[in-house]
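Listed after this line are the structures, all set down as C-alpha cells.
In what follows, chain A forms one complex with chain B and a second complex with chain C.
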Partner chain A sequence: MPNPYSGGPDRSMIDLVGGDGGEINPAIYVDEDIYRRELEQVFGRSWLFLAHGSQIPETGDFVSTYMGEDPVLVVRQKDGSVVAFLNQCRHRGMRICRTDCGKARSFTCSYHGWAYDISGRLVHVPLEQEAYHGEIDKDAWGPVRVPRIASFRNLIFGCWDEAAPDLETYIGDAAWYMDVMFDRSGAGSELISGVHKWVIPCNWKLAAEQFASDMYHAPYSHLSAVLASLPDDASPADADWPQEGAQFRAPRFGHGTGFFASERGWEFNVNTMGRTIVDYLAGKYSDAAVQHLGELRGRQITGQHMTIFPNFSFLPGINALRVWHPRGPQEMEVWSMILVDSDAPDEVKAAYRDRITRMFGTSGIFEQDDGENWVEVQRVLRGHKTRQTSLNASMGKGHTEDRSEYPGIVSGMFSEEAARGFYQHWARMMAGQSWEELAQEPASACGKPDSGS
Partner chain B sequence: MNNRIDVETAREVEEFLFDEAALLDDGHFDEWLALFAPDIRYFVPVRTTRSARERDKEFSGTAELAHFDDDYEGLKTRIRRLATGFAWAEDPPSRTRHFVSNIRLRALENDEFEVTSNTLVYRSRLERQVDMFSGKRVDRLRRSGGGGKFEIAARTVYLDHTLILTNSISIFF
Partner chain C sequence: MAFIASVEKSDLPLGAILKVETEVGPVAVCNVDGEFFAFSDTCTHGNWSLSEGWLDGHVIECTLHMAKFDIRTGCVLSPPATCPLKTFAVEDVDGEIRIELPAPDEGGEKK
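After this line comes the complex of A and B, so read on.
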C-alpha cells in the first residue's frame, strides 16, 4: 500500500524521536494521525500477546481480547491448537461475542443469527435458501482469521503481518531474560485465574516504555509502598535496594528489560513480597531454578521490569504481567494478571495471589503511583507550549557496557538505552520500514549517531 | 427487613455504617481501621462479563484474582502508606463521598449480623477527575468487647463494574 514514509527520504517519524530515540516529540503521545498510523504500522505488524495458554485449557474455551483496538476471539480447538479471529461478523459488522471469556460450542451473532464454529468458520446463515437463494459462499464469509499464531513458554501471540519474522526471531535475545519468569523451573507456568482491567487516561507508550527501561523511577515513585511495608520497628534506611544491576536493550525489534543483580537476591524485598515468596525465589525453594537457569538468573536477578514490544510487559519474580491496550492517543486499558510456576507449592501460589494483588493491579500500592504519573504527563500535554516541548530520554547515551554474562546490548541499570531502543524501533515501524530493514541493528544503538534509514 | 431484628438494633447498625462512611470521607483512616476486627477479611472480587448461562461465574472466587483481598495487616499497610508523604496517588488526597443505602439485616449466631447495603462512592480528584463506584456490600458485624459497639468482621464488596473506569482504586469502599 502507498506509504509516504516508506523507504523514501521522509524522515519525519524518525525525527519525532530525535533520530536515536533520545529526544521525544510529545506529538507521539497525543496526535490523532500518528495514532491511526500506529494502529496500522505498529499494532498491525508486530507480534502481540493474546493470552496465556492456561486461560483456555479445554476445547471451546475462549478469551475475548484486542490487537490494538481490533477485538479478537482466542479459542482453543479440538486438536489443542489455538485459533484467533476478528470478533466481527462479516454481515453487518456486529461483535460476534460480547462476553469476556467462557466456553463456547459455537458463536452466534445476536444481530441476524449468523453462526460460527469455534474455529471461526461460518456454519449457519438463517434463511440461507429463502433469502440468499443458496448462493452465499459461507467459506468466504467467516470472520477474518489472525493469520499467524505462535507460542513462547505458553504465551500465545498473534500477528497480522505475513512478512514478520517468526516469533522466536522476533523475541530474539530477549528470551534469555524472559525465562527468569516464564521458564524458572522448566515445569511451565499458569495464571492465577482472573484479569484486572482498568482504564488509564494516558498514552500506552508511557507505560510500555517505563516497563522496558525505567528502573530510575522506582526508588522515588514507589517509595511510599516500600516505607509502608516496613515492620513497625524499622527505620527508612532499612529500605535498602541493591545498587548493582544492568539494563538490556534488544539489538532489534524494541524490547527491553532492567534489573538488580546481587548476591542478596530478593531479601531486600521481603517486607513487601513476604517471606514465602522470597524463600521461593532465593531461599529454600530456589535450588531447582538455579539448576535450571544458573545462579545469575535463578537467584540473583531481581526487581526486573520488561517489555516485549509493543505492549506486553511483566515483572519477573513479582510475576505480574500486563497488556497495555491502546484506546486512542490519550487513553489505554490495562489488563493485568499474575503468573505462578505450575510446580510451585500451593502455599507459594497462594502467597503470590495475596501479596502481589496488594502490590500490583487495580488497587496495588505500587501500581497506583505509576498511574498517577502517567495521567498527569498526559494531561499536561493538552497545552500548546507543552506539545512543542521535547522530552529528554538521553540517560546513559554512549555508555553501553561490555558484559559477557548478558546477551544483547547492555548498560547500567539506571539508563534509557532500552527506552531509546523502544522509541527508535517504534519510529522505524511508523516510517514503514520493511522487516528486512527493521532487522538491521541501527547504528545509534551502540551510541554512534544514526546515519539515516 | 428481617422482623426478628428490633428497630433499635436496625437503627444502631444504620448509624454505625453512616459513621463509618464519614470517617472515610473525612480522611480519618486510622479510626476507620479501628472499626475492623483483627480477623477481618476485606474482599473485593473481580467481575467479568459472562453470558447469562455462566452468570454464576461473574465474580472471582477466593482463590482467584481480586481487587482487594486484605487481612488486617494488609489494610494497615495501605493506611500507613497514606501517611508516608510519598503516596502520590492519594497526595493530594481524593475527595470522596460514600453513599450507603438499601440496608438489610439478618441476625446470625453469636451476636453477629449480616448487613447488606448498596454503596455509591463518588470520587473527585485533582482538577477534574471524577469517578463513580457502585456496588453491593455484604458485611458481617459483630458486637465486640461487651461494650455493645460493633466491629466489622468481614466485608465483601461486589462492584458493578467489570472494566474499572479509573486509573487506580486508591480509596476504600
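After this line comes the complex of A and C, so read on.
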C-alpha cells in the first residue's frame, strides 16, 4: 500500500529528503526555486516567532522583525494586545519604519509622508484634498496585517495562514520541553535587552536542524571550546559529559529537542558557564524550579537544544535564543538573544549576559564552532559533484524508545530522529499538503519503514 | 463670553499631556516644570492629535510629520505645518486647571 503521506500534490519535494527525511538532496540548501517556494509554503504558512513580550511592555512599544524575508512591525496596542503588519508602505512600497525597535505614537513613511497609527491604519495622506481630490479610500490602503497572532509563555508568534491550527496545537507536545526554559520557576521570563544580529553565508536549515536534533556534534565540534575553558590544573576528565539523555521528535509539525538527563545536573559545564549559573540551575537556587517542574525538568535535563519549526531555536539552561532569518538559499541572518527568569537574582542575570555572550554571542567560542561547520557545508556545495551527492540523516532510524516519562516520539540522545521529523515536515509543507494532511503523523515517524519511498 | 474647561491638577503630573474634548474641539493641556499650558490639540498640518506628540520643554512635536510648535505662543517652529496653533489661557484654581476658551461662534476651533 502506498504511504499516503509521502505522496500528495508534489512527490518530488518528498523525494528531496528521501521520503522520511533520512537522505538529503543538497539542492534544498542551494536551489533558488526551492527557496522561493520555501518562503511561500513554509514561511508563509507556519507559526513564526516574532518577539518576546518583555520587549514591548507598553502601548506603542514595537520591534521590527521578519517573517521569512517579509519585514513586519510588531506593536503593543492600547488594550494590551499585539498587532503585526508588513513594514511596507502601500503607496510605493517604502519600508515604513527603519529602526530596530522603540516606542511609537504613529508610523510615518519617510518617502512621501503617508502616516499610519500604531494598529497600522492609514490615518494621513499628504495633500489628500489637493492631490487626491479626496478620492482615496484610506481604510483600504493600510499595510497588510498578519492575520493571526498568539502567545505561548510570553513568546509572541504570528502566522499568515488562516487554515493553520492554533498555536497551542501547533506546539503540541513540544510545550513540555519548552517549559524547561520558558516556565522554569513559574515567575515568567524576560529578555536581556539588545538583540545581536549577524549574517553568515549558509542556509537557515543547517542551523535550525542542528538545534532540533544534533547532540552528536557537540563532543567533536566544541571540544576545543570546552578544553580552552578548563582551568590550568584541571584534568581532561573534568570535561566528561553525561552519557544519559534523550531526543524528542514532535509527532507533528517538525519540532525537535535533545538533552542530557542526569543526576549530575549542570556541574559538568561549570568551567564554561561559571559557578553562579550552575548553582542557579542545579544547585542552591534550583528548588523553586524542581517544585514547579519536578526533579527531571527542574534539575536533571541539561545541555538541551531545541527548535520550534521552522526557524526558532534555543538552548534551555544556557538560555540562548535564536531566530534564523532566511536571506536567500545561501545566507541567513542570525538574531541572537539571551533570556532570564524574571525572578532570577540580579547577579544571575548579569552572569547570563556575560557568560552566554562569551559562549554564543557574535564571536562566542561555541558560536564560532557551529558557524564554521555550517558555512563550510555551504561552501562545499559550490561544486558540481557535491550538489549531486546526497547526505545521510539516518542515525537511529527504527530505534525509537518507549519512555513513559517523556511525551512525543522519543529516541536516544544521539539520534537524527528529530532531524528526520524536521525535514519530513518541511518536505510535506513544500509539497503543498493541507493542514489536515500535515496533522496526520507520518508512518515513518514511529520507526516503521516508509513503505511509499 | 468665555467658556471654561477644566482638569484635575492631579491628573497632570510633570511632563504629561492630556486631551480634553471641549465645545470648540479637542484641546491639549500639559504640565511643563509645574507650569500649565493649553493649546488646540489638532495639528495645523493634518488631522492628528498633538497630545500624542513628543513634548520637549515648551516645544510640541507632531508624530506624523514632525511639525513643531511653541506651546506658549502657538508659533510654528518647524514645517510642514505653516499655520500657528491656537493657545488658551490657563488658571490654576485650588488644584483645578481651568482653560479659558472662546465661545464656539466667536471663531473657536473649526474641527
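What we mean here is this: the second predicted complex is superposed on the first by the 440 of 453 C-alpha atoms of A that agree within 3 Å, B and C clash if a C-alpha of one lies under 4 Å from a C-alpha of the other, contacts with A are read in each partner's own complex, and residues count from 1 in each chain.
In this text, a residue touches a chain if its C-beta (ideal position, glycine included) is under 8 Å from a C-beta of that chain, and two chains touch if they have at least 3 such contacts.
This structure is a prediction, so every number in the text was calculated from the model and none was measured.
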Overlay on chain A: chain C relative to chain B, clash or fit: fit
First (chain B), second (chain C), both or neither touched by A:375: first
Touched partner set for A:323, first chain B, second chain C, both or neither: neither
Partner chain(s) touched by A:337 [first = chain B, second = chain C, both, neither]: first
Centroid geometry (CA): angle chain B/chain A/chain C, rounded to a multiple of 10 degrees: 80
Partner chain in contact with A:108 - chain B first, chain C second, else both or neither: second
Partner chain in contact with A:250 - chain B first, chain C second, else both or neither: neither
Between chain B and chain C, more extensive residue contact with chain A: B
Chain B versus chain C as contact partner of A:194, first or second or both or neither: first
Smallest separation of CA atoms, chain C relative to chain B, angstrom: 10
Chain A positions touched by chain B in one structure and by chain C in the second: none
Chain B to chain A touching residues, read off their complex: 44, 46, 48-51, 54, 57, 60-61, 63-70, 74, 77-78, 80-82, 84-90, 126-127, 129, 162-170
Touching residues (chain side chain C, partner chain A) in the complex: 46-48, 52-54, 63-66, 80
Chain A residues within the chain B interface of the complex: 98-103, 192-202, 220-221, 223-225, 227-229, 333, 337-338, 350, 353-354, 357-358, 361-363, 365, 367-369, 371-376, 379
Chain C-touching residues of chain A, taken from the complex the two chains share: 104-106, 108, 113, 115, 123-124, 126
